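My questions all concern the structure below.
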Amino acid sequence: MMKIVVCIKQVPQTTEVKIDPETHTLIREGVDSQINPFDLYALEEGVRVKERLEAEGEQSVVIALSMGPPQAEEALREAISLGADEGILLSDRAFAGSDTWATSYALAKAIQKIEPQLVFCGMQAIDGDTGQVGPGIAVHLDYGQAAYVAKIESLDKRKIVVKRLLENGYETVAVRLPAVLTVVKEINEPRTPSLRGKMNAKKAEIPIWKAADIGAPEDKIGLLGSPTQVIKVFCPPRREGGEKWSGEAPELADKLAELLKEMEVI
Amino acid sequence: MDYFFTEEQQFMRDVAKEIAEKKIRPVAAHYDETGEFPWPEVKAMAEADLFRVFIDEKYEGMSGGTPITNMCIVTEELSKACGGISLAFAATGLGTMPILISGSEEQKEKYLPRIASGTLAAFALTEANAGSDASGIQTRAVEDGDSFILNGTKQWITNGGEAEIYTVFAVTDPDRGARGVSAFIVEKDTPGFTFGKKEDKLGIRASATRELIFQDCRIPAENMLGRRGTGFFTAMKTFDMSRPGVGAQALGIAQGALDLAVQYSRQRKQFGQPISSFQGLRFMLADMAMKVEAARALIYSVARWLDKCEPKKAAMYSAMAKCFASDTAMEVTVNALQVFGGYGYMKEYPIEKYMRDAKITQIYEGTNQIQRDEIGRGLIAAAAQGN
Amino acid sequence: MSIRVIKDKCNGCTLCERVCPQGGITIVDKLATIAVEKCNFCGACVSACRFRAITIEIDKQPKEDLTQYKDVWVFGEQWRGKIAPVVFELINAGRQLADARSSKLAVIVLGNNLDEAAAELSDYPVDKIFLYESPELEDYDPERYSRVLADLCRELKPEIVLAGATTTGRSFLSGVAIRLYTGLTADCTGLSIGEDGLLHQVRPAFGGNIMAEIVCPYTRPQMATVRHKVIPVSPKSSDGKKPEVIRLTPKPQLFQSRSEILDFVERVDGHVNIVEADVIVSGGRGIQDPSNFALLEELADALGGAVGASRAAVDAGWIPYAHQVGQTGKTVCPKLYIACGISGAVQHLAGMSSSDTIIAINKDPNAPIFQVADYGIVGDCLEIVPLLTKKIAAMRGRT
């Protein structure tokens, strides 16, 4: 039976991110959470792989995994409503303050316990924006990896063939299993929750794994396990609107042309 | 307002709402223009298990004993985004009713699971010469050994040509009047069953409306629904159960239009302020909102009653739900367009579509004149019995 | 690990109390009091305190003598023997950092047949060029590249490693950092050496809504990736000195990989990659019809730029995802961004708000994009853009 793990992260709804003007930190209360949008594509692909295997008579299971505070359980239930079979929450105060090294380590230890053949991650999280955790997990586990996957061409017991989206074109690469894939939006169109999914999500028992459950030593997780430290957080200089023009199209076009000439773009 | 839906019903509402907002709303204008059938959106609805809400668990459904209420909840949410695309779902419900009402165990086991997983159905009664006067249908079903041979043409059938499963009403005994009509299940691709051209409509353009043409179409006798001659009873009972659903479609269209009007009134500035600050405009919105909420309350009250009791006297109340909601939809969409002013008249803005879509709800599944007749006669009959 | 409030510095202003997500701080007699059992060491209070009255002490020590690590390395990403443009920008930053640390700047190139690449680099103020050549490294492979670079770092001990935040850089640098148990900061917009001698890395988070300053105090090398077009290109060497070219001995035992490249298909649409472009003309729902992207392409061509799009246009199938600018698309910072028929949703702004100049053309005077545009033009882009393209052609005709 093929086991597929999908890593998901609960992030704030960015439209609502507000910075407290005095403390210059994020106002977290009252801000809604969502599954990191890129992870929805990873989850959809994991579920589609499962459905394709089912159509060929092969059994498989999709396990959603998330490292986060207790409320990340919501995100795991949402993942189940979207087709995941199970959810596992990695949550422990000891994980707090983790940077990408410590996060990828903890996730890797959890994944090691599950022993999947495939791991899907979204391209990056919209809060951290690093894109480092997926590839990091691959190295911690010594799994194969492919980043920026835009399509799965084929899958068998030993390898997966994928198309990667590079800046200048598409690369087709075969990766031996087990492998970690980070996916881009182009790969699919995520589904919306189904009724059965919502019922399953409601009934699901979501185990919480702590550092001890995954055998993670103190010095490799949380603040202690993080080689990088954030020493300051501040608001970027805000961009303000400038001039506003209106008028007839031909005049505006002429004025724009003059501006571009001044800017030496032409 | 809270209508105290069960948790499962809330899931149905949330699932339908998410599909409406994420999958249907972005493409509604496109389908309205091209008139193509929205197969990708139908697939999304099926994958989300929405077709299971009006089918019993025994047949792979998820109705939880409240199929009518569930259908209304889903239809309302989908219709807020597009009254045409939602019809692929709602008309399947209508087409399934005869099977639910008069189907044998074998027929239910054969067809309901297919519908539950998203195979579309359609209800075929209307003919060129038999609209409001449904008893005037002329499509004939002649018994021949262990089959029936169908000849005739049905008109303006929603989901015609796209559905796989059709519940068709035909005359089996011409000299018995209303008692000579029987109901049948006819599957697409049965030899002798073809479709006419697709109609080019004012509204609900994403819905496929076609003629069904039967020419010596042979169907097995076991496809008859219920006993011979009970077709009319099946049709009338179908309407009693499905009218709240039409009401829900109208309700969704009305609510969708109202929401757009409220949003627009806050953004549009004239005389230095948003038009929502003018009392006259607020009164318009208030009148719209009152009628919409009244329609909603009526629809869900009737739906709940039908689910709980399957009452014999349902006809009058179902008629009220459909008639009131559809008249409301027409009024509300016209006024919502008025709120948009000149922009409302332009196709570039989404509101005029709601007005065009609303009109049909006053006409099909029994014109509102027929509905009023039903209500009037019901009142008089009740009085005659001393109620 | 411990957290404490420095009494002399605290005046009970309540800023820390407000930000603690665990509700673990209360002000008692004008002094911040921390309930340690509630503390998860997230550091929000430390950041918030204007008086630096709260400190978190992490009982961490470097595991080795960090002074062994010297020099700044730039990863010389190459494609088929040609050095990636971002590398020349990294050389600029790398030179400044090396000078601040009184150390050397080296470019390390992995690949095969790298003489031309070395020649390209030798006009720049670089002290050394390391060439690591082997046929197996000709095409990028995440496992091989990360093992090799990690091995080189262990052997040659650079203090700082910089790389471009390209699809290549972003996918294998993480592996290097993991293998070396060291820190990697992605997409830096600012790099400098602090008074503490550490590399201070500034980067955006939350789609650019906040900026974070990051250091890597206990491990080496300190690693960072930088996006293309964030740092200006390095000037060429002015002193006529050429970098020393050192050919390293490849170690085949590092080359195992689970991946095998089967094919590569270049994108044939002829339009400039938007991440590289200096000028981007971008279209949203307001251009009404997919065919109108042709108008934007003409303007982009006239300006030597690329065509971008909002998520709405991409989701509607009007243009491929490779052109999408925004939170779930690409982040760009061209010299000039012209937004046509784009309303300016927060998620789109996250992808382009660091453009040098933003010009927005939109019919709706209340469109949010006008709040960030340097020049906001209220009008129909479908009329203005073709007229502008014509005007530009006419102006060129004259000169």
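Note that the chains take the letters A, B and C in the order they are written out, and that residue 1 is the start of every chain.
Simple rule for what comes next: a contact is a pair of C-beta atoms (placed from the backbone, for glycine too) under 8 Å apart; a residue touches a chain by one contact, two chains touch by 3 or more.
All values derive from a computational prediction rather than experimental measurement.
Trainee: Give the chain pair, either A-B or A-C, that is connected by more C-beta contacts.
Mentor: Between A-C and A-B, the larger count of C-beta pairs in contact belongs to A-C.
Trainee: Quick one: point me to the chain whose Cα centre is farthest from that of subunit C.
Mentor: Farthest by centroid: B.
Trainee: State, to the nearest whole Å, the distance from the C-alpha centre of subunit B to the C-alpha centre of subunit C.
Mentor: 54
Trainee: With chain centres taken as the means of their Cα atoms, state the distance from subunit A to subunit C in Å.
Mentor: 18
Trainee: Indicate the whole-number Å distance between the mean C-alpha point of subunit A and the mean C-alpha point of subunit B.
Mentor: Inter-chain centre distance comes to 41 Å.
Trainee: Would you give the residues of subunit A that are in contact with at least 2 other chains, written as numbers and ranges?
Mentor: Correct list: empty.
Trainee: Where on subunit C does subunit B make contact in their complex?
Mentor: These residues of subunit C touch subunit B: 315-316, 366.
Trainee: Give every residue of subunit C touching subunit A within the complex, in rising order.
Mentor: Residues in contact with subunit A: 1, 15, 18-19, 21, 40-44, 47-48, 56, 58-60, 79, 142-143, 146, 166-167, 170-175, 177-179, 181-187, 200, 203-219, 257-267, 273, 275-276, 279, 302-303, 320-322, 324, 327-329, 335-336, 345-347, 350, 353, 357-359, 365, 370-380, 383-384, 387-388, 390-392, 395-396.
Trainee: Provide the residue numbers of subunit B that touch subunit A in the complex, in ascending order.
Mentor: For this pair, the touching residues of subunit B are 7-8, 11-12, 14-15, 18-19, 22-23, 44, 47-50, 52-53, 62.
Trainee: Would you pull the subunit A residues touching subunit B in the complex into a rising list?
Mentor: 191-199, 202
Trainee: So in the complex, which bits of subunit A are touching subunit C?
Mentor: 12, 14-15, 17, 19-20, 22-26, 28, 37-38, 93, 96-97, 99-101, 104-105, 126-136, 138-140, 143-148, 161, 164-176, 179, 182, 184-186, 222-224, 226-236, 239-247, 249-250, 252-254, 256-257, 259-261, 263, 265-266
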